[in-house]
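Letters A, B, C, D and E name the chains as they come in the text, with residue numbers starting at 1 for each one.
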Amino acid sequence: MEEVLFFLGAIGALGGAVGVIAMRNPLYSVLALIVHLFSLAVLFLLLSSAFLAAAQVVVYAGAVMVLYVFVVAYVGGDQESAWEPIPGQRLLAPLLGIALFVELAIAVLGSSLLTLGTEGPEVRPGFGDPAAIGELLLERFLVAFEASSILLLLAAVGAVVLAGRRRAVEGVAGSSSEHSAPKARSGEVPATPTGDPA
Amino acid sequence: MSATAWAWLVLLFPLLGSIVTAVGYRALPARAAGAIGTAAIALSFACGVGALVSLLGDEPEARHHASSLWTYASGGGLHVDLGILVDPLSVFMVLVVTGVSTLIHLYSFGYMRSDQGYHRFFSYLNFFVFSMLLLVLAGNFVLLIVGWAFVGFASYALISFWYRRETATGAGMKAFVINVVGDVGLVLAAFLIFRELGSFDFEQVFHAAPEHFTTNEWTVTAICLLLLVGAFAKSAQLPFHTWLADAMEGPTPVSALIHAATMVTAGVYLIARTHPLFGMAPTAADIAAFVGLATLLVAGTIALVVTDLKRAIAYSTMSQIGYMVVGVSIGAFSAGMFHFMTHSFFKALLFMAAGSIIAAMANDQNIDRMSGFGKAMRFTSAMLLVGGLALAAFPGTSGFFSKDEILAFASERGGMYVIFTVLGYAGALLTAVYTFRLIFRILPGRPNREAQELIETGHVAHGEPVNPVTGEREDTDVGFPGPEHHIAEHSLPMKVAMGVLGILALVGGLIQVPGVSHAITSFLDPVFHDSPLAQVHPSAGSEWAGLAIGAVISLAGIGLAYLLYVARPETPARLIERLRPVHTLLVNKWYFDEAIDALIVRPALATGRFANRTFERFVVDGLVNGTAETVRGAGGVVRLVQSGFVRSYALLLIAGFAGLALYFLVVSS
Amino acid sequence: MSIEWYIVLSSLLFATGAMGILIRRSPVVILLCLELMLNAGNLALIAFSRMVGNQEGQVFALVVMVVAACEVVVGLGLIVAIFRRRLPLDVDELRELRG
Amino acid sequence: MSNSLLWTPLAFGVVGLFLPRRAAGWWATAGAAATLGLAIAILAGFDSGGGLQHNVDVEWIPGLGVDYSLGVDGLNVFLLLLTALLWLGGTAFAAFREQERPQLFFLMMLLAETATLGAFLAQDLLLFVLFFDLMLVPFYFLFGAWGTDRPDGVTASAATLKMIVYTLVGSLLMLVGAIATGIIAADGGDLTFSIAELARQPLDEGSQRWIFWFFAVAFLVKMPAFLLHGWLADAYRAAPLPVLAVFSGVLAKVGAYGFLRVVLPLFPDATVEFQEVMLVIALASILYGSAMAFTQTNVRLVAGYSSVAQLGFITAGIFALRADGADGAVLQMVNHGLVVAPLFIIIAVLVERSGSEDLREMGGLAMRAPVLAALFLIVTLATLAMPGSANFVGEFFILNGLFQAKIVYAFVASIGVVMAAFYALRLYQRTMHNRTPEGLVSREIGWRDGVVLVPLVACIVALALYPNLILERTDRSVEATIAAVEGRPSEELARR
Amino acid sequence: MNFVAPEIDYAGLSPVIALTVSLCVVLLSAVFRPTERWAPGLTLIALATTAGLLIWRWGDSQDLVTGALRIDELAISISLVVLLMAAACVLLSLREPATEQVGSGEYHALLLGSVLGMVLLAQAQNLITFFVGLETLSIPLYILCAANLRRERSLESGLKYLIVGSLGSATLLYGMAFLYGGSGSTDFAGIAAGIGDAGLVGDPLVLVGIALVAVGLAFKTSIAPFHQWTPDVYEGAPTPITAFMAVATKAAAFAVFVRFFDLALAPQAEEWQPALAVLAAVTIVIGNIGALGQRSLKRLLGYSGVAQAGYILGGLVVASEAGVNALVFYLVGYAFMNLAAFAVVVARERETVFGDDIESVRGLGHERPLLAWPLTISMLGLAGLPATVGFIGKLYLIEALVEGDYTWLAVFIAVGTMISLAYYLRVVATMWMRPESVAAEHGGAPAAPAIAGASPEADPIDRHAGRRLYLAGPAALAAAATVFFGVIPQPLVEFAERAGSSLF
């Protein structure tokens, strides 16, 4: 039973991951990621960490993904063209990906750590439930907990700063119409600036 | 007053004279400089006499005194004093040098009158005398080298005295560099001596040498050969002689003083001074003797064809010094010194006379253009004749006695040394011929333009001052003797100087007549008595025999010259026709200049040019710029990789990790 | 099911995410790929925490989720700002800075 | 005493920064003069018997084992005097002429003096390295900002950059070497860089071997020696002449001095082992420098390459590894400094008259300038080590040492003596003698240049009369230095 | 539910708390227009207070909050460097266009956030705090880099930093996971012990974990080949932020780098030392040659920062107390030298139309000696010339390296320094000397800064920026410090020694 679940979860997670990087349209990628996250949650459950699984579903698949969908909808998920501007990237990227996996796999399988082969020790029933995690968070990892809350705050501020409409930005957003092309812009630059153009 | 005190004074006066005339170049009126210069040398001569007297005062064995002012340099085991050595040899040299110099100063006093560089000239001249005296009085090798080099510099300064003449500056450079080669030889010799005997001091060295060395041991031979390099360079012996002829670029009194009377005989003095070493190395001595012989013949032959008056006399000087070198090398020390003395008399005289005539010719030195000065300038001509006779060893003149003494000594030693006697007489014949070639060209015959003018108007001929060698016009504003020339007939000082020398040239030989007197030999004996050859003394009889042969040869030579240049003036031309190759060889002075040029000068310059143009640019700079370029290129690569594509950055990052992980996996297993 | 399987799976996911970053040009998708990598990390953490039987790993994973969320928020904010500035949403087009 | 000597120039320079343009030059000259006074005082109180004198030794960075320790002994006492003297000359010469931004110029000038004095005074290895590097900074500015650009596009700043990078190549490696010396010597014990301490027990052969080269390269570049002189040509042509006078007069000596102060005592085995290599380098420098000097037509470069040759002699003297050779080397350092500085000042004067630095465009300048001619002549003769000059004595001692140690090298080196005669006289004749080119007006030097030149030349003459003045004071220290290497079996090591 | 609140030493935690509180205060100040003007002042006060508290804690070293943090001289000294740079950044940011655009309050709040992250990082001795600290450090910086919203370069740098940075953190995280797996603990001490107990010294799992962590940290400290973001981000970000980032990030990251490798991974030293040594060498070379012929001063300083990181890494490689001393010493010196340089760059950026192009300092020696001197001193210092703290720093590092038998790396430092002269002195030459000939210019065409004048991105020109005390002051002070500690380094040496000894 457990094996089956694992493989289902594994296939889901992997499929989702592949989907993310394979889909031309960002929106589909987002959806693929959601699949991936759900299947991860299953695996978390198998690893007897119920709270994490729940958090995964709620926070990620819920809140964060919604954010994604909104943004994609806002900026418009246009197809990304197929040609590759960086020479060799097409070739090297997969190779490196494989190399990375192989190295990590070797590290894991070649390790002399015996417990890796086991399913882990028997754990008491409360293992990984919200109470246990919460206890840890408020005792041993208080600092981390507080810090991450500050971090959330900062991120929020950042999002507001970056995305929020501000007087300064408008002028430019209107004025410079063309899509960034350094060559095009360098045209309007005096070759050797003299004096104060302002 | 002790001999050394006198000696210090001997040194002091010329130095003072030099400094005073130099520093006071603005304050002093022209004549004053000349007067001071002359007086300084005269005083130094007087002190020389003083030294002689006080030296004669004490026992022959005790006739050497060392004295030192202060420690010149000491450290690391070396010790050099600022010390002099006074003994008969040095005093003898001092007397001759100062004596002749006084007269030459006197001559210059008149001769250089209208030269722009009057002060400079006398300052140099005094400095030269000072250096020469330092050379002969030096008490150790280091000081000897100092004097040696000073002399070289003084001659450089005087040769290129008219420094606007490219030829003059060139000649000066040549003389100086060759002399430096000589200095280096001496320096290395000194090192070797120090290594063997641990001292530079004459007395210690000569005292230790006989114990330390075995005869003909390689070290002592090497020492002597190195010394000879110095001696030959200074005394214009083969193959270092090429500078002497060019040195005639200098004013005539310079030629008289430096390149006839004193400096060029320094080599002779050196050999005589270091005779204890040569005594241990007969091989080296013989080499010296043969070089001397070769020189006297080669120079004699060249003198036969040269048409430049001063250069002709210069070559005769070379050949005469050849005699001296032969003399001191084969052990006839006193004879060599004797010949040095007489030679300085008549050779100085010859140059003075020549100078007077050249002045009359408005600085034209070509003897083919000269004739009839016998009538035009009686006094000068007389002096020229006297000098010529002495040089040609005319019986009774000074040269007659001194030269033959050397040859007699050679025959006395016998064995291979007879060669020297035979070829020596051959040389004597040459001497007589070329000497009278000059005289017969200049004195007799129809007066030429300049002579005519002199006879009629009594005025010295005026001509455009041109460089006798290149013929380019001189610029007279920088100390070239302007249009004014001075001849003995018109200038008392010159007359006096030449007169005195004339007398000395005639009778100077009588100081040492075989069987009658041997003043010089006995005076110098304390210096040379320890030499192994001191016992060799030709008997009066054999000497007279030698003199007889000498007389015959000299007369024969003069007769031959008369035949060639007066009786049958056309024969020389025919001879030239017949012996064309020989003539060209002689005219080109046996191609010594060309050889040295090709072997040393050009290669050196070529190396320099190669270093400059090629090596420096491609290797040295290449090293620098190459590295710089490489680094810069690498920088280009780095900037290229910095492509601005964030994904390629990520790629590199992951690649970097892959590499690192790979390393760790390798070390883990 | 032994832990190895989980770890290998997670490393496979990690590699996939990394590869995604290398080949995709849309910043949004790249953010997604970063999510993939972080989640791979989470999986590994949780698997290990199960293996060693203490829950520190899970706490860690939780913190990571928070961090990931923050990165997403900021990232998306940037994307919006870039879009507002009328710049193309393609990381390859943004290469004013180079050399 | 050493302290005040060291810091006086800098103090004056800093104050001068706040003076009006006119005053700056004179203030700086006063500073240099004061320094000279102190240097003379030190010499006066110098006891040729005793070792280090006027010691200052305070902990500077105990954490790193670096002490601030200065001292005067036979090796450096005259180099200090030389430095002070030449700087006075150079500063005065510059003060007589219009400088742009004079305050800064003279600050740099005096900073350079302090740095140089520091390098000579330092008795702590790292302190030495520090000053050795510090010297470059002011000269970088002096050459770069006040130098002259060449028509062919090589600007002063480019030329200077080349020089700085090149010379730092050496001295940074030297820094590593110095630290390594200290640490290996300490091994685990308490760290010290005091040269005297380190000399007490030299390192093992292995470490000596590589550290020796780290130091040697630094010093050879500084001199500069053959093949490492790549920076010389550009830098010399760029530098302002008064600065060049002190630069060429003193800085090159720091390299040679370094060999005596640091290399011989600290790495004796390596020194003996590499003696022949160093001698070959020295000879190469002599011959190459001379060959370059007598084909060059740029007056600065004639002088520049001639000092390459001279430094070759000094190196040879040191690596004869005999007391007399080293004595000669020390003497020659002073002599060469005394000669080359006035030479460059004279060159400056000549260039002012002929408006060109090319020998082919000069000539006949002796005309109407007898005083200049006389001074130049004396300097020339000293340059070519005319017997009777102190330079000759120095060269004589050097060659003698070389002769007694390795006779063959002595013979080769003596070729250099002849070459020197040629290029030195050539320089003199081509400028002062022969025909004057069109439109060249010769004139006598003014009293301004006179007061700078005459004293320097006077020193040359004085030393010529009594070189023992230096020898008798340096001999003791030199022999102490040489003693470190003399004990060692030179021959079979060299044969290896 | 048996919840026991952990006992907390508030004294030790006070700096962190102070920062957190002040962060919120500054953020609140942004809410109302009038109070927003106070933000810089408030930030400065906050920083000063924190610094005060840190100095107050100087000397006691203890674990905080059940070993999540550790406050000791190392942490404190690094935190002080960070605070110094932050304060400088606040001053340089006055009138900085970026601040107007994101709002002064937010700007400074984010800055404080980043500082908080750094302080946490400097004290972290638990993987989780480590990770959180690192993110708290980074995320605000991502935003601040992009803060000049009008300029494409700013946004670009923000995005690049975000992407590559997150990639770096992901790698780091994965490595942490492995190490956690290997040791079963998240405490540094626990890791060191756990790996030993499980007999995993030299085990591939652990080693690859180390590799991953090393990459993550190497990225933050811009060690080659993980450095590529550095030049771009430095150039694109608002200059005050660059100044802050260049030193503070490095300092904090190196602090935890040292703590983690010299404590948690000490048992594996033999394995990781050579690897890091090679990285250091590569970094030195790449950083230095990359900087050659750069025209943008910020970019040049970016590359130089890479090279300097290489030098500093040397102090870590030897894993000895001397090494850590040298590292801390060098970081402090580096802070002074960079500060001086960046202050001048900011000033010229606002004065001239050349932006940060090297043209902007041409002839500075004549017209603005008071700006030229600091920049000159800082360049000479970075080039490691004597009488500057840079020289002593290099000396210190080399000494540590030779002591640790890494002489070859010391030689690399020497070689790197030689190369670096070529570009540092080029800046000096531009200020004081006549222009180099075109041949000597490797930068290609003369200045055509992309943001010159007319472009809509142009920032306002302030002719007198160079005379403003808040720019000239820091520059002068930093330069003075550079020279002072170059001549009298002993105090700084002792400071560094305390830091080093607190770790071992």
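We adopt the following convention: a contact is a pair of C-beta atoms (placed from the backbone, for glycine too) under 8 Å apart; a residue touches a chain by one contact, two chains touch by 3 or more.
These numbers were taken from a predicted model, which means no experiment stands behind them.
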Spell out the chains that contact subunit B while also contacting subunit C.
A, E
What chain sits nearest the middle when you go by CA atom centres?
D
Interface with more contacting C-beta pairs, comparing D-E to A-E:
A-E
Centroid of subunit A to centroid of subunit E, CA atoms only: how many Å?
27
Report the inter-chain centroid distance for subunit B and subunit E in whole angstrom, where each centroid is the mean of the CA atoms.
79
Taking each chain's centre as the mean position of its Cα atoms, how many Å separate subunit B from subunit D?
37
What whole-number Å value describes the gap between the mean CA coordinates of subunit A and subunit B?
99
Numbers and ranges of subunit E residues touching at least 2 other chains:
128, 132, 135, 139, 142-143, 146, 149-150, 152, 159-160, 163, 167, 171, 178, 181, 203-204, 207-208, 231-232, 422, 450
Could you say which residues in subunit A touch two or more other chains, in rising order?
85-86, 89, 92-93, 96, 100, 103-104, 106-108, 110, 116, 140-141, 144, 148, 151, 154-155, 158, 160-162, 169, 172, 176, 180, 182
Name the residues of subunit C that each touch 2 or more other chains.
7, 14, 17-18, 21-23, 25, 47, 49, 51-52, 56, 59, 63, 67, 70-71, 74, 77-79, 81, 85, 87, 91-92, 94-99
Pairs of chains found to touch, sorted by chain label:
A-B, A-C, A-E, B-C, B-D, B-E, C-E, D-E
For the complex, which residues does subunit C have touching subunit A?
1-9, 11-20, 22-26, 28-29, 31-33, 35-36, 39, 42-43, 46-47, 49-53, 55-56, 58-59, 61-63, 65-74, 76-81, 83-90, 92-96
Where on subunit C is subunit B touching in the complex?
18, 21-23, 25, 91-92, 94-99
Flag every residue of subunit E that touches subunit D in the complex, lowest number first.
325, 365-366, 380, 384-387, 391-392, 394-396, 398-399, 402-403, 407, 410-411, 413-415, 417-418, 421-422, 425-426, 428-429, 432-437, 439-440, 489-490, 493-494, 496-497
Sort out for me which residues of subunit C touch subunit E in the complex.
7, 14, 17-18, 21, 27, 30, 34, 37-38, 40-41, 44-45, 47-49, 51-52, 54, 56-57, 59-60, 63-64, 67, 70-71, 74-75, 77-79, 81-82, 85, 87, 91, 94-99
In the complex with subunit B, residue positions of subunit A that touch it:
85-86, 89, 92-93, 96, 99-100, 103-104, 106-107, 110
